[in-house]
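Each of the next two complexes has chain A plus one other chain: chain B in the first, chain C in the second.
This part shows the complex of A and B:
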């Protein structure tokens, strides 16, 4: 089992979600987050006072998948989240030791 | 002559067709009716005419009263929700209720003070500086008009209309003290400020015998149609004094303090714009042509200033912001306030253009150079806009709109009476000095009693929780 954490542009979220659904992935956890990498923030001006806003809104997707689905999922996210500009985000992969479904205590890939 | 005679006949015919109270009195004897003596006939015509006169007066009074009651409600709407939303959106989220509560508290506090002594101190008697206690606890204030101020509306209407001005004026100051003034200090400050600064200023400019009054025996007749000096200069200058006295907010100007909801401010500004029609056009104290003229000038001033502020911003920042546009509109409304009933529509546009650009410069450049923390720009908009508007009233005022000094006598500079600009300057200076000195004294008194400013911890935590024990947004619940 692998966990995919993808930080993406909020504007790409709908197409990423739809693309993942198309390849049969329908479970995910979504969080609205703020942050920045190489992309710098923007400035806002209120009555002549300038503020630099350097933490920008992003969407974080978390998916835990059986190993055989991971590559396809990553490719799908890459394809659908890309705009080609700085700020498109990152994907992190990590191994998951165990998964347990709370309702019936199923374990392992069955719980996904 | 022949035509006059015919008109008279027609008048009598119409009159006799109208039902009237007099006709419900016992009918004249049939003998008299059969052969009316000439003297009786003349008496009947005179009666009819006096009835007609009464009805015309009462119809005019009803028309004026309807507009003035609506105007009073519109001006109240400017404070709550207008100003409360405008200011509420500009503060940070942790202070939204506190700033709104200050406006709302003034709606209640000033109303009570007004009933007890306020109205009387502003409009009682004929002293040069302050009223008297003639109308204290509203003695003698009823449905009968007070001819000194409003021949056609009940004095109660005039009283409650003027009250709404007394409510919004101190509320404007809270823009400078925002996010750091104690609630207890605010209540005490506003009580004293209303009695010591507002009441004398209102009496001097609008009260009978006041020495700045334009028509009722003022030594320096200052044109102030709806409160450029009384409302905007006094509150704006007092706001500056408060900002200087209290010092900057913790973290200003290093820490970002962007408005928490420009949406609220936007709604507030639009409500202010609408309410201002009651403020300015209502100041005609009647529903006639002068009200229309003031209404139009007000609208044009607001629109032109919204544009000129936006253009100034566009040229300086490369973008026109929503906050800029609404701030410009408010600046234009402030500046047109003293002029509304003295200038034509195109002069209204001119005043708006000047005020929008001037106030933009005041809040962006002037404030930055001097570094005071007028949190929501109460001085930059009301003090500056009120001052420029009061002076421009002396330039653009015209007898074609309002021959206040008598028929055929010039009013403002373009009318050929440049001396009026000097009179305006006197009015402006007196308002400045009055507000300046009064506010310093009041702040000292408040400082040694309730205290003016909250502690640093409370300021960081926010006034909503520390002053009122509640929060504006409990979105997770």
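This part shows the complex of A and C:
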């Protein structure tokens, strides 16, 4: 099992979600986050006051998937989240040792 | 000893092992009997028996079982019940025992010795009841312990108010009731009353202080059975004084019906969930509606209709509770609080008003006057303006008058000015809440009936549609002093919103389509606006503003969540939809409130920040592109036609010459009717080189001036306005390709000169024309007025900031001045610009409280400002403005 963490543009979230649904992935955790990588923030002046936006709004998706679905999911996210501009985000993969469904204590891939 | 005893704590369940060691054999047959009785009662309820009958039978079953078990245990042990009583407390004491409710029991002992003797029997007793399927929640007290009523054990003593003798030593119970507790309970009434109120306030807050939950908890949520119990306690603690008012709406009957209805639901929930779970979920709402639960009129209802009945009953219980909460305030006000309460009163007291301010609430002084709705609406407008709420008794009085058969109701059709006054106040929801409770909101705005108590199922909303709309209004009202950081950015927008009445009106209507048989709720809401606007006689401009806000109420949220708001094309596209800064401000506030009212967590700091970013980017887009986006009439056939239709005289070619080259913002801030009026003034320029038009607009005046461009024109007009004591809150100055200048000033008549002296209107306009034409010098006019005004120090100080931007326009330099607003400010800025040889192509003037925000597009000798000129201007302005 692998965990996919994808940091994406908020504006691409709906497309990514729909694309994942299309390949049969409907379970995910979504978090509103802020941060920046190479894409730095900027400053807006409004009515004499400066507003610095140094941490930009992003969406973080977290999915834990069986190994056989991981590549497809990553490709789907890459395809649907990409705009080609700086700030499109990143995908992180990590291995998961165990998953347990709380309701019935199922374990492993059955719990996903 | 004052703290509660825990040796027989609620939920205590002895292990089965002991039971195996020493079974209570004579009671062995009781289990199947009790189970059979439970099943019989359940079937009885399902076959249509009322809740009251069901609760009575459940209570009898519990009473009978307890007595059997208790008696049998005493018999087996050969112990008489002397010195020990068994009491039912809380809901069980009140004989309101639901299928899976806890059995609240008290073991009362005459002495500590008796307690020691009976301890083994009590353990066995509790264990046996658990095994019979009763959830026992028990406590033990000696008579002496019961005397101690303190804050720390107030909840126990509140439960004791419902005590009922079950078995054991009857004389002991009588001693407790008649001798031991009568004194302490009387003395402790204020303490217990304040504890009921505290616990109730905490409970109501936990549920957002509203009955309108989509999946309500029928016991604990506002409007649930706990409201009824709390009301009973408060009545009991207040000596059960009954209100002598005879109401045609028989309150006791309404209460009884509500309690029966909710009790029936609670029984149904317990049976359906097979546990003490009181949440009325969507699924169970549908099932209850299918069974017509609690209804005997044989009418089939869908879940939404059935839920409306639920909310009607919940409202009865909640309204009664809140009235008691208000009446039973025991906390004495400090001198400062009394003075604070008295302050708004000074604004409300007036001769002949049938209401007055008492203890910080509006009370009726002449109930009969409220047969005329004008009195009711005047009171509500006062409440919305001052922030003083109506008392629950005042509400009750109005409700009484509204249905009194011998008092014919007058003026039941509200006018737009009366409604606008209520909606435009600083505290609109203080008026709208009682209006909703009294049915006045649906009387004034029948379209709102579509969403009255309407449940629309989705994953996000927590409240019914009407509650969502009213909450949204409350969230705006809170922006006067934002309760958390999410509102901080938006507070100045709310404080400076010009037509709050239209904004609030839009919020009332924005979701009414959800209760209409239409495909899109927005289309339904717009349809409702048509009828409401016609009935209330809104002006075309007002209707257009509300139409825009309803039509686009989801756009800003959608842009924030589905578009890249840092992409300039997103911003320019959104700006094109919105059109003007004024509409952006309204739409942003509406969006903020709409998201906030979905549920308490919906407006995350993340979303709030995104919304603000889009607002700032769009606002800046407006001010930075105004000079670039010019009107070319060849692309505006429709506009030309609209204006042509509005004009009495004038060929299309002449209209085209007039419009050509104005910034597009001109179209965004003026309707075709207004443009036609400007054109009429333009036509007269040949006869009189300065044309003015003055009109009163919603607590302010609007002056429009047309003239050929000339040096220091803007400074001259600003100077005359300042000399007449007018406070300019907003202005814009545009020029067309032919060099005709069109300036619009919105100002507040600080000294009510024009308001109180209509004959001064002409002299005022003549004075402007004379100064602009050079027939009258400005300085003598200004001298006295400015000296007096400048003597008053400002309440808040802002440092002047002067920013230049050469990228926003192809041929002019943008200068933004943010500074302290004060009388004559625009005159000073305009004069400084004129002295430096700067020509104003476009001016956008705005104020935000005591802060002035002025944007000018400037040229000098037909070109952008040189770096030296900009530096010089900055120095001059900073030196002049401070």
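Here is the rule we use: the second predicted complex is superposed on the first by the 112 of 112 C-alpha atoms of A that agree within 3 Å, B and C clash if a C-alpha of one lies under 4 Å from a C-alpha of the other, contacts with A are read in each partner's own complex, and residues count from 1 in each chain.
In the analysis below, a contact is a pair of C-beta atoms (placed from the backbone, for glycine too) under 8 Å apart; a residue touches a chain by one contact, two chains touch by 3 or more.
Model, not experiment: these values are computed from the prediction.
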(request) Please name the chain, chain B or chain C, that touches the greater number of residues in chain A. (result) C
(message) Looking at A:107 after the superposition, I want to know if it touches chain B, chain C, both of them or none. Which is it: first, second, both, neither?
(response) neither
(message) According to the stated criteria, A:10 is in contact with first (chain B), second (chain C), both, or neither; which is it?
(response) second
(request) Could you look at A:36 and tell me whether it touches chain B, chain C, both or neither (first, second, both, neither)? (result) neither
(message) Is A:51 touching anything from chain B or chain C once the two structures are fitted on A? First, second, both or neither.
(response) both
(request) State whether A:79 touches chain B only (first), chain C only (second), both chains, or neither. (result) neither
(message) If I apply the document's touch criterion, which positions on chain A are contacted by chain B in one structure and by chain C in the other?
(response) 44-48, 51, 53
(message) Applying the document's contact rule, which stretches of chain B touch chain A when the two form their complex?
(response) 253, 256, 258-259, 316-317, 319, 321, 323-324, 327, 363-365, 367-368, 377
(request) Note which residues of chain C are touching chain A in the complex, please. (result) 560-566, 604, 606-607, 609-610, 612-613, 616-617, 619-620, 798, 801, 803, 816, 818, 848, 851, 853
(request) Using the touch definition up top, name the residues of chain A that touch chain C in the complex. (result) 9-11, 13-14, 32-34, 42, 44-48, 51, 53, 56-57, 83, 87
(request) Would you tell me which residues of chain A are touching chain B in their complex? (result) 44-49, 51-53
